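So, here's a batch of structures to check.
Two complexes follow with chain A in common, the first pairing it with chain B and the second with chain C.
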Partner chain A sequence: MADLGRAALVTAFLLLVYALVAGSLAAWQKRRRLAESAQNALLAAFGATLIASAVLLAALARHDFSFQYVADHTSHELPLGYTLTAFWGGQEGSLLLWLLVLTGYSVAAVLTGRRAGREVLAWVVPTLGLVGTFFAMLLVFVASPFATQAAAADGAGLNPSLQNPYMAIHPPMLYLGYVGLTVPFAFAMGALLARRTDERWIVATRRWTLAAWAFLGVGQLLGAHWAYVEIGWGGFYAWDPVENAALMPWLAATAFLHSVMIQEKRGMLKVWNVLLVVLAFCLSIFGTFLTRSGIIQSIHSFTQSSIGPWFLGFICLITAASLALIFVRLPLLRSKTRLESLVSREATFLYNNLLLVALALTILWGVVYPILSQAVTGEAATVSKPYYNFFLHTFGLPLLLLMGIGPLVAWRRASLRALGRTFLWPLGAAVIAGIALLAAGAGSSRIGVVAYTFSVFVLASIALEFARGTAARKALGGVGWGGAFSSLVARNRRRYGGYVVHASVVLLAIGVTGASAYQTVHEARLKPGQSMSVAGDRLVFRGYETKTESNHRAIRALVDVYRGNDYLGRYKPGKNQYFAEDQVSNEVSIRHDWLTGGDLFLIADQVNANGSIDLKALQKPLVNLLWLAGIVFIGGSLIALWPDAREARRLAERYADGVVRI
Partner chain B sequence: MARRGSPARLIVALSVAAVLAVFLLYTSIAGGGTPSLRPSQLTGHTGRVSLMGQVVGKPTGDAHGAGLRFQLRDVKGHTTVPVIYKGSVPDLFRTGRDVVVDGHLRNGAFVAVPGTLVTKCPSKYSPKT
Partner chain C sequence: MTAALVVGAVLAVACVVLVALPFLREPAARDDRLTSPDELEQRRLSLAEERDRALATLKELEFDHRTGKVSDDDYRRLVGPLRQQAAQALRALDLRAEQAADERVPTRG
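What follows is the complex of A and B.
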């Protein structure tokens, strides 16, 4: 079996090398038959990788401990579900998943990417081949998932913190996002190599970028939720390098999604767009490198291994090659139009891009700071939360504001008087909200008030956009409000899907602000019968209950929660002591208040021998909007992604003659 | 093009300058981050540092009372330093684990900032012996 897996990987490697070499030759010499053969090799590489993955999955399912990978990451007691998800629980399996997703995406991208033009596609194949070759090479020569050993009696098992339903979905989501950014990168490089620098590569990869970006966003929110309900320190994001590793490419991709619209509409920012797509792709490889190399201290330390230098070399190669290519093609990337006014839709997009990229780069600086300071002063230093929070406020708040301004500003040139009229309602709503917030005592956090006022402004401007659009469509006649609304969204999926995503970002901002700026924390040592209060709730500790399960002993503190004279219920934060792993895990108890969106978060910080408890209680207002934001985000992304027959026809007409009109 | 300098370029240049200014201002005010050290590198540092090491010996005391006391040793070395810590103790904290904690060196002992103790996940689950 292991031989079959190894053979499949070697085959995939050779096919990808062929796709790279033959594909380059074919595109160079414009040999059509050879280009088709390279393309077929890319498709076949997906098949070979699929076989390799099936072998590993089968070995996991059969508990075949003669596979080193299976023995290292699973055990007999491990439930089947987690045994299968151990596919991506370790390094070799994760790399195999990378290659599987990459070749899968390649097949779909090549088959659907004809709109980019044959010359571009001919160069896309070797670019995808190059990235694939790198990962296949690692899997064949450096970190094989099919290494064998004398079969062990039992495996080492999976870390208890990974035995969690989120384990099944969070890593694959992130991978779908990370790897997905390869597709727009390959098409951008293809367009440059083929000297086809019009916006066709952008149109061809628009959905790919959007999908990869949506997966990356959802993957991160799932990770945050996992941390919140399972890890149990009361937060959801800690600016850890591994978390930042996923955030940076997402920010770069967000900037890219916005700036490509300007290139499509106005033919500007061509150099900027290719730079952004290179940045997003390099950051996604860098993220994989961070999580896989152990070069930077992180609370998530994955298997440290020898693949670090390979990744570093690959990142350098990709960055140098793509920058050189962009430089050589600069004359072809001249804009046909110029920015006409600093107050226009284009300009707000440009500001948004600069802020997003600035945020991504300052985070990158923070992540690599230990390495740089080590190199310069010989002593590693780290930057922590205050650094990141400072830049999140400096760049994030203006971004939030721009989200409300951008959609209301006209293309090309907006008159200030028209702007005043447009902004009357959102601005009024924001001012009223600001005053109301101050009156309600939200002034305890200045940043909180600013964030909430901006949020109201953005939500009002989004509502205004929907209302104006619906009214205009209804004025065309023949439909009611409902019909007008649905046809408005259906006819402009990208625009209104985008607004829904904006609304989700606002919800996210409200949730994050509530949970951080307005959080109340209280800690106390309580004997049975004693009580403490946190933000108006009274918590009475009643004692412990202990239960013994098959693999752990569960100790639970019984905490009764009262608000005024109302009894709100009994909550049971505690600890589990796992016998086999000899490990303790915190089991938090969360009271969701569905009406206000806040949480009461209870942690049994220390269970004392004399029967007392060190109880930590966090009151987190509005934090549930964060998770609601995730659902709205998925909804908005789906609206924007949904295939649009009308748009497809329009594009087909536009590019039918192969001449691009801008 | 009649005029060479386009406003887009001006905006880009100005924004980059603004970002750099904010950045320099921040790094000069906030200082360049917390030094990240091993116990053997501690001598001579009086400011706040981030200490990384392996827990050796049996931790004693009460983290929510007078303070938890334990020894940290270089992960690859022999130098140890006593640590006094108050606040939440992570689940994975115990003898043999690698931890990171912020604090100051005072009279040969490392006084930790409350609530800064983090354990590093064991990189791989070691087989049962």
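What follows is the complex of A and C.
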């Protein structure tokens, strides 16, 4: 079976090389059948990658330890679910997943991207072929998942921190996001190569960008929740380089989603938009490089490997070629219109873009600096939490504020009188909230008060936007309040879906602020029967219980929680000892308070031989708003992504003569 | 092993056929040019984008006015030039359509 997997990968590689070479030739010489043939090669490459993936999946399911990959990442005792998710648990498998998603996306993008125009599409195919060729080359020549060996009696097992239900969903979500950013990149490059810098490439990739960005956002939140419940250190985001690697392209894509609206509405920022697409794509490749090269110390870097230089070379090639192409095509990217006023919706979008890119680049510097210092001085400098937190506060808080200001400001220009009228309620709500917070004793954290005051301002501004929009729609007549509201959202899905996403970001900000600025931590060594207190809750340690599962031995501390005289329940933090992997993992216990949105988070830091425990307890106010934010984020993204028949008709009419056959 | 070999061979043949399909379907195509929009079509697309942009801006202004983000004075000052812009884009598109129609009508001898 390994031979079939290898053959399928070699076939995919050859097909992608063909899509690159024949596609370039076809676009260059304007040869229709050759262009169609290159497009078909992409389709066939997807089929071949699908077969390679099926072979690996079958080998995992059968515990075929003659596959080195299967032996390295699974064991007989590993439950079937985790055995299958080991597909992306190691380097070779996750590269195969990259290629599978990329070829799948390529087929779908080419089949649905006809609006970009035939000459643009002809260049999109070789661009996608180039990216695919790189990953197929790695899989065939550098990191094959089909390397074989004499079948071992048992495998090495899966890293314990990967034995979590989130393993089934978090990595695929991130990959759908990372790889999805290839599509807008390919269309942007296609448009530049074909000298067609009108809006067609944007129209063709609008939903792709939004979908990739949404997947990346959801993937990160799932990762944060995974870290929260599994890793056992009491947090959800550690500014780990690999976590940052997913955040950076998401920030760049967020900037693009905003600035592209300026191009659509005003014909401005064409160069900036292409640059953002290139930045987002390069950062997504850089993220894969960080995760898979082993160049950095990270909880996500499972292996040291030789693929780093290949990735570095590819990133340099892509960046240099893209920037050179943008430079050559600059005359075609000039805007006819200019910013009319610094107080306008366009201007707030521009400020938001500058802040998002500045945040992404400072994070990039924080990730790259230790690598550079290691290369230059031989010692890796450490860039830690205070650096990132400083820039998060510096750029993040103004960004939060801008989310509330933007919707209140008119397009083109806004007068002071109109601004005074629209800002009155949100500003009033924010001032009242700020005073109330100070009165309630929240002043212990200045950043916390500022973040919460801004959050109230943004929520009030969003609510006002919905209310005023619904009232304006109702005033046109013919509908009641409900009808006016649904008509308002249905006619402007991207705008109102965007507002819902903004609301989710506010929930996220509230959750993060509560869990970090107002967190209470208490640690103590307790013998059975002894107790400790944290934020008003009394924790009594009763002793241990142990249990043996198929692949691990679990030891749990029994901790009874009381608030005053009320018994709130028994919680069981502890540790798992995995047999095959010979590793110990922390298993935390969390008490959710759905009424307040806070958590009591218990960690068995140390299980002592004399029967005592080193118990760490964290009281995290409002932390559950983070996960609620994820649900609201998905809702907002779906509203924005939902097909709009009216818009589709308008675009069909606009591009009626330009839609093509290939 | 044999099954793997057969699947591999079928995969290779299927891929070759799929890639060669455009040439198998049209071995001697009369027109193999990958046509792109001519100057006129490019102009039409550009005008259509301008028209849509102008109409969308006008719609935004109306909406911003109704929701109180644009004052009556600002609205009166801004709406005139925007309507003119939209009308110009519409006129240019109509003119271009007439020109295209004229080019399509054969001249009578």
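Methods note: the second predicted complex is superposed on the first by the 636 of 662 C-alpha atoms of A that agree within 3 Å, B and C clash if a C-alpha of one lies under 4 Å from a C-alpha of the other, contacts with A are read in each partner's own complex, and residues count from 1 in each chain.
Here, a residue touches a chain if its C-beta (ideal position, glycine included) is under 8 Å from a C-beta of that chain, and two chains touch if they have at least 3 such contacts.
Just so we're clear, the structure is a prediction, and the values are computed from it rather than from any experiment.
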item	value
First, second, both or neither for A:P370, with chain B first and chain C second	first
Partner chain in contact with A:D566 - chain B first, chain C second, else both or neither	neither
Partner chain in contact with A:K616 - chain B first, chain C second, else both or neither	first
First (chain B), second (chain C), both or neither touched by A:S415	second
Chain B versus chain C as contact partner of A:V584, first or second or both or neither	first
Which superposed partner A:R525 touches (first chain B, second chain C, both, neither)	first
Intersection of the chain A residues that touch chain B with those that touch chain C	none
Residues on chain A engaged by chain C in the complex (per definition of touch)	1, 3-4, 7-8, 11, 15, 18, 26-27, 30-37, 40-41, 43-44, 47-48, 51, 117-119, 122, 194, 198-200, 264-267, 408-415, 417-418, 421-422, 465, 468-469, 471-472, 475, 650, 653-655, 657-658, 662
Complex contact set, residues of chain C against chain A	1, 4-5, 7-8, 11-12, 14-15, 18-23, 26, 29, 31-37, 41, 44-46, 48-50, 52-53, 56-57, 60-61, 63-64, 66-71, 73-74, 78
Interfacial residue positions of chain A with respect to chain B in the complex	72, 154, 156-159, 161, 233, 268-269, 294, 297-304, 338-339, 341-342, 347, 350-351, 354, 358, 362, 369-370, 373, 379-384, 386-387, 390-391, 394, 523, 525, 575, 580-581, 583-586, 603, 605-606, 608, 614, 616
Chain B residues within the chain A interface of the complex	1, 6-8, 11-12, 15-16, 19, 22-23, 26, 30, 32-37, 41, 50, 52, 62-64, 88-89, 91-92, 100, 118-128
